[in-house]
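Here chain A shows up in two complexes: once beside chain B, once beside chain C.
Presenting the complex of A and B:
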């Protein structure tokens, strides 16, 4: 499979169809992989793909990042199904044009949750929670796909897989608040969750605003709560569930639990799944006559 | 350092009852930046406003808080007063201590504490108020009127007589609308055409009015004062300027189709004017039927035409015209297809033209239910009209016999939640009474029965008119009709008299249904072209049901007549004149001033996700390309058109990067207001 991808990547680079191919390469130790920017045809053999390829590469297509300012006209990108949904969402939000990317889709069998948990194989003990019930293991929108692309039924609801969400929802309000208070106590506002998110695309983040500073920059409870709640609200209907925010967190705070719960609410109320359509707008900014209004009491 | 004045109003006893205004004033005087306070019985009164102005001038105040009633009430009053005293009006804010405080609290202690908080919040907020200037927009003093019925005609004449240029767009070949179809009008029984046609001619001859007959509005862009309309002039195949209206062509035309104007009761030629008094008297060729246009056969009209004005090569034409205001007067139709309700059937030449194939198939073809003599109110008007198909003699459509017994059924389709519309059509009681009179004036020995639910005759001379109809012999039966069936050459009407509790059977020669008045079939599409609101029935929504009944939801677009709701002729005319006076008020200035409380974009921060474009209900946000100093493309950004923006603030909430702010409600102002309240988190 990876040979076909490499050949295609080589061809694209040789023909000058793309300026760069973003993919994965072997990392600093055997459990790790690293994102790699391949610019010369002779380097394509560095590209690999297996269950250790955790990173969400569409991050590098986000206009907020320097990589997009290098003057590359067209970028080839190796994408798992979930990453391609992130690309689709970026296009729907006008942060990217479809003709600026060449998507090399890979069939995915799931990835590990953290590099440290890699022990040579993927199993229930180390699989990322987003991978247990995924309907884009065969990716949706690709320019190249190794082999035949089978038809997949993706009409079903998007499942919130993490048992932790159900756990939290089963708690009383006070208990749940106590859980977050304890978790957020560790947060020191490094903003890794923001930097790694493919959808955080503001030129000036609301947390960096000073006139006025809506979000207190200090890492006390007020500042931490207002940051995480704002982040969750800004991703309603947009988060494609890559889970990178939780993985990037150095303090091991499960910040994506918010996003998963929001995804569930959006889906229940508006039947909307982010990252499946290039045109559809997310429900917080659209109005339909048959929208549920039972929250108005 | 700010120099803020705080003016606390007692509103007689309205505020003073539950708020200690002196304490509020004292508390305010201790706040940072406050240099002047007043506590007065009626701030909005003339002496109160004088006090306000005097303080601004003498103390050199640079911002004022009026702690009083809702800003909806008197914000404009005090801003105007401030302007007169030389202070920027947008440096005046209202702290609402009446509607949101004194009226909803009983406890004076709580009321006073809350008033202090509300005032304190405004004091902090106003420190960030910027002196805003009103936007000045150009104004095109030309009005577009959609629809050439009585509403459109009245509005056009009122405007043109005041010196305003008017364009009427009418989709039929002639002005007149539904009123031209009526025979006589209630409650005076004066002839509809006699009062209407002089007005139609006046419109055509008026130097300031341009009539676009047989034309439709395709697109409307722009905003109040600066609309740009795209008008589709359908090909008439007749050259307007040459035609003398002699009538040779339509008399000689060998083909005929059912006449829309005569409700399908008779046929008309393919080159036609809808009715003899049509204005303009220029015929049009129905290109969907004409064999010359379809198959290049015939062409007789061109041969007989003296001035040689028939041009089969004519094409539809697009006109683009700029307007400052629009009056929508698109009128109504009767609820289509109600005949089926009562088992009725129409022969092909009498089937309403707009039926789809499927609907046609659903009509019963033969046997029981062939009820040709069940007609609706407008068809009866044509039968009773002196210029109608029967020359004013009331004859039934099936065999032309003069009907001896006529049953009138009121509320057909109206006040019917299940099969029809929920509302009362308002005019049916009156026109049914008129019909009984017209019928009995024409057929002296005839018997008229009216089945009704209630009589609703609220209007000048209306109840008297109903009494007159009853005195002249019409028999009113309170009850509904359950079915109509054929009995010989008569129609058996089975109904009930709910006052006596008995079943009533009447053998009638003809049945007239008082069918519900509904909006035009394409009312919703028209509303979408115009960008105005409409209700669930398709009637256009007014801005405020009581206080702004002729303004649509969009600035510069006004409503007149039955497109806004069911109305009779006097009400329609009154609303048309009201709409005209609104336009005159708008055009009374040389330039348009727009409120500066509109959204503004920080284009460097904008990350062009276009969420604001998606949420904006007024299409006020454009996508623009920013260029560097060499003219090279730099980035995309949103830009608000202050002419269209209504300051609703939706874009503010949609913008994640906080790149859009509403002037007068900026983040800094709102943040200062919230923090002044002192709410601490966790």
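Presenting the complex of A and C:
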């Protein structure tokens, strides 16, 4: 499979169809992989794909990132199904044009949740929760796919993937608050959760604004809670569930539990799943005349 | 100073004795992943205050996620309160507690980092002292514990340390086989702690056995780099624009994890947290990896690309720190490697520089 991807990447670079192919390469130790920008056809052999390819590479397509200023006209990108959903969402939000990107899709069998858990194979003990019941292991929107794409039923509703969400929702408010208070105690506000997110698109993040300062920048309880709750709210209906915020958190706080619950709420109320359609707008930036709330009519 | 031994199974009792002596005891504690947390959760080892010796992981696990840094240089700290009355502003002091603290089970890399922080926060040359840091430092005793199982990201031996170094330590523990721990009393503060533990200490430690145990662990380190040529190479300003910086650094996403996890990174910001006519002036951790860290009011940003920000971080560790503070900027703990979401690896830079320096 990877040979077909490499050949296609080589051709794209040789023909000048893309300026760069963003993919995965071997990392600095055997359990890790790393994002790589391949610019020369002779370097395509660095590209790999296996269950250690966790990173959601579409973050490099987000216009907030400096890489998009490098003057690339068209970017080739290797994506597993969930990453391609992130690309679709970026396009649906006008953060990217479909003709700016060439998507090399890979058939995915799931990835590990953390590099630390890689022991040579993928199994129930180390598979990321997002890979359970995933309906885009055969990706949706691709320009190249190695082999035939079988038909997949993707009509099912969004379901939360981590059992922790149900566990938290079953708690009393004060218990749930205590859980987050204790976990957030570790947060030092490095903003890794923001920087890895393919959908954090603001040129100036609300937490970096100083006049006025909406969110206290210090990592005390108020600063931490207001940051994480705001982050979760800003991703409602937009998060595609790559889980990178949780994986990237250096203090191992499961911040994507908020996003999972939000997706469930959006599904329940609007029947919307992010990242499946280029045209359909997410519910919080549009309205429908048959909205169930009266105030909008 | 003296040596002794202690049984590993008595460490819980040791913590109890320290707690009973009215010390604030900080020790590593594991928050294990539960089945209900789902497959995305992992075990979390952190340094936390413990109230008894019942639940601690001194000598277990490798490195707590947080280092000793946050117990000396607080994540956030109110400097003073203020209140505006017409044109007048009242400055109101804020009360700070500086309890006598002992941090038990500190790994040698973290202990070595304290001298690096100290050089910044009590800079004798500049005649400047950060009283918050120095008062905490004075009232904190460090009990180190030699590593037994370094992982693939550890590289302390590349920066002039070792898994059994006692630099920055007051009282140093090294496992020497079986249930036995070799104890070295290194400072007066360490002696005070040893006296509290007297009922658990026995005889004299075998220094030879301790050296042997340390050397055996050193053998397990696999990530070995030559840091010696780095400073000279960085001193050559032509290399400031070397192609390496962008090639290795272009994948960096500027998340700042490395700086917040780093035991020697110490940058901070100060803001006024205002509410109506009063508020607090607060000091809190900042990071050179943020794009607005060097953003000027004019809109100009001298570090306008992420790779330049990482270049600054590398220079800070291997050039600025030794030059300005005569201390090491990197202690080889490997947290920045473990924590990086895109596998940007400081030791790759070290290897590349060594290769370039060798021509």
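The definition used in the following text is that the second predicted complex is superposed on the first by the 293 of 297 C-alpha atoms of A that agree within 3 Å, B and C clash if a C-alpha of one lies under 4 Å from a C-alpha of the other, contacts with A are read in each partner's own complex, and residues count from 1 in each chain.
FYI, a contact is a pair of C-beta atoms (placed from the backbone, for glycine too) under 8 Å apart; a residue touches a chain by one contact, two chains touch by 3 or more.
Not measured: the values here are computed from a predicted model.
J.: Do chain B and chain C fit side by side on chain A in the superposed arrangement, or is it a clash?
T.: fit
J.: Taking the superposition on A as described, I'd like to know which of chain B and chain C A:83 touches: first, second, both or neither.
T.: neither
J.: Under the superposition described above, what is the C-alpha centre angle at chain A formed with chain B and chain C, rounded in steps of 10 degrees?
T.: If I round to tens, I get 130 degrees.
J.: If you tally the residues of chain A touched by each partner, is the higher count for chain B or for chain C?
T.: Comparing chain B with chain C, the partner touching more chain A residues is C.
J.: After lining up the shared chain so the two structures overlap, which partner does A:203 touch, if you call chain B first and chain C second: first, second, both or neither?
T.: First partner only.
J.: Between chain B and chain C, whom does A:141 touch in the aligned arrangement: first, second, both, or neither?
T.: neither
J.: Answer with first, second, both or neither: which of chain B and chain C does A:162 touch in the superposed model?
T.: A:162 sits against chain C, while chain B stays out of touch.
J.: Please indicate which partner A:95 is in contact with in the superposed arrangement: first for chain B, second for chain C, both, or neither.
T.: Only chain B; A:95 stays clear of chain C.
J.: Let me test your reading of the model: by the given contact rule, A:63 touches which partner, first (chain B), second (chain C), both or neither?
T.: first
J.: With both complexes overlaid on chain A, what's the closest CA-to-CA approach of chain B to chain C, in Å?
T.: Result, nearest C-alpha distance in the overlay: 5 Å.
J.: For chain A, what residues appear in both contact lists, the one with chain B and the one with chain C?
T.: none
J.: Within the complex, which stretch of chain B touches chain A?
T.: Within the complex, chain B touches chain A at residues 604-611, 614-615, 654, 656-658, 667-668, 671-672, 681-682.
J.: Any idea which chain C residues touch chain A in the complex?
T.: 35-42, 44, 46, 65-66, 70, 75-76, 152-153, 223, 250-251, 253-257, 259-261, 269, 271, 273-274, 282, 284-285, 287, 290, 292, 305-306, 335, 337-339, 341-345, 347-348
J.: Across the complex, what residues on chain A touch chain B?
T.: Touching chain B: residues 63-64, 93-95, 201-206, 209, 211-212, 214, 221-222, 225-226, 234, 281, 284-286 of chain A.
J.: Where on chain A does chain C make contact in their complex?
T.: Residues in contact with chain C: 27-37, 55, 59, 65-67, 113-117, 124-130, 161-164, 167, 186, 188-192, 194-196, 208, 210, 213, 216-220, 223, 243-244, 246-248, 250-252, 254, 256.
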